[in-house]
Amino acid sequence: MVGPYTTALPISQDAVLRAAVSPGQGAVVSFVGVVRDHHDGRAVVGLSYSAYLDMAERECGEIVQETEARLGARIALQHRIGDLAVGDVAVVVVAAAPHRDAAFDACRAVIDAVKRRVPIWKHEHHADGSSTWVDPTAEEGG
Amino acid sequence: MVGPYTTALPISQDAVLRAAVSPGQGAVVSFVGVVRDHHDGRAVVGLSYSAYLDMAERECGEIVQETEARLGARIALQHRIGDLAVGDVAVVVVAAAPHRDAAFDACRAVIDAVKRRVPIWKHEHHADGSSTWVDPTAEEGG
Amino acid sequence: MALLRVRTFARYAELLGDPIELDVQLPISLPSLHAALKRLPRGDLLPAKLLIAIDQRLAQPDRMIIGTEEVAILPPLAGG
Amino acid sequence: MALLRVRTFARYAELLGDPIELDVQLPISLPSLHAALKRLPRGDLLPAKLLIAIDQRLAQPDRMIIGTEEVAILPPLAGG
């Protein structure tokens, strides 16, 4: 799919799905990132995503086009920007391909590249009223 | 989730998703198998799934419980039985976990095990009026 | 000799009917069961390697059937 | 000396404001830009390894800035 890949509005998983699927593709793999109620041992009540929007759109477009060309999959990607509550959808990746190997590989490659390359930042709001900027380079897991 | 894992009614992807997701799980990976318009170079207009239902339910239950225990994921699984048209959803697997590694691994493990272990058969209907029983052991891909 | 009931599915049900009743000596090994199935009308169309389920689990080749089990023969699986 | 505009985001925007205007000699290397940023109020809180984007792409360490580019400093990425 073409952009925009970032949105300040709630993400419709159905719309993202429809953007990737076509009758020749029998395997559809989706990744949905949801705001969790905890992180690094602390209770989380919500978070705010900010972005370097122009660069984020360019990186997302490159990731989608590179992966579509490399794996023969069709890909749809949406990343939420702004204020999110626990349970809200932060990011959706859908990869559709004739067979499941390519669909799994493409979906995984896109979400990994989004985390590695796209200039988006997460300000996490805790139950005690404090906030922290999340730094994945300083922690385990993800 | 608990069974039944097979259904003669159209699958609601939303319902399967809701069966797996909870606020502690930030990563949700789904696999959707859709009836394709071609297979092995022939045009396909629809197919019929039949099953050894008691054994299929038992195998699906074992696959779900083994994978949930091994990978710490929550899993929902639905496989359609009966007559399907091109574009219909044949199978949905949803794996929810705190992080994406476990969610991807669990989703992939479940669909691979379903294809390997669950006694379900596919009768494929072609555009020329003929039908064939699909034998994945005799072909490439999948 | 005793009657052993065998369930069939999909292509095997089309070939042989479902269920089948086989007149065999019990207990019976899986190779002997396979041979008895091959002697049925159109049984020669069964493959050399046959999936057999006993009590809803795929059976190991050295398994013996005493006659009280639920026995089924399964075409190549094609779900998912 | 010339004014170089640098965009900042997230935690760096909180620390330093956005955008920053730096009075520097052009062209400027990335280590010299980093040193100039470190001399700003609270600039000492920037990390030793700083992500710099030039024209919306992550810059290689040997890149020179002539002053016509869009320059930005990026905190550790945390999308997805």
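The letters A, B, C and D name the chains in turn, as written, and every chain counts its residues from 1.
Just so it is clear, a contact is a pair of C-beta atoms (placed from the backbone, for glycine too) under 8 Å apart; a residue touches a chain by one contact, two chains touch by 3 or more.
Here the structure is a predicted model, which is why all the values come from computation and not from measurement.
Seen from the Cα centre of chain A, the chain whose own Cα centre is farthest off is C. Distance between chain centres (mean CA atoms), chain B to chain D: 50 Å.
Centre-to-centre separation between chain C and chain D, using Cα means, comes to 73 Å. A straight line joining the Cα centres of chain B and chain C is 26 Å long.
Along chain B, residues 33, 111 each make contact with two or more other chains. Chains touching one another form the pairs A-B, A-D, B-C. Those residues of chain A whose C-beta lies close enough to touch chain D in the complex are 33, 49-52, 54-56, 58, 79, 90-91, 111, 114-123, 133-138.
Remark: chain B residues 17, 21, 23-38, 86-87, 98-100, 103-104, 107-108, 111, 141-142 touch chain A in the complex.
Across the complex, chain C meets chain B through its residues 7, 9-11, 53, 56-58, 72, 74-80.
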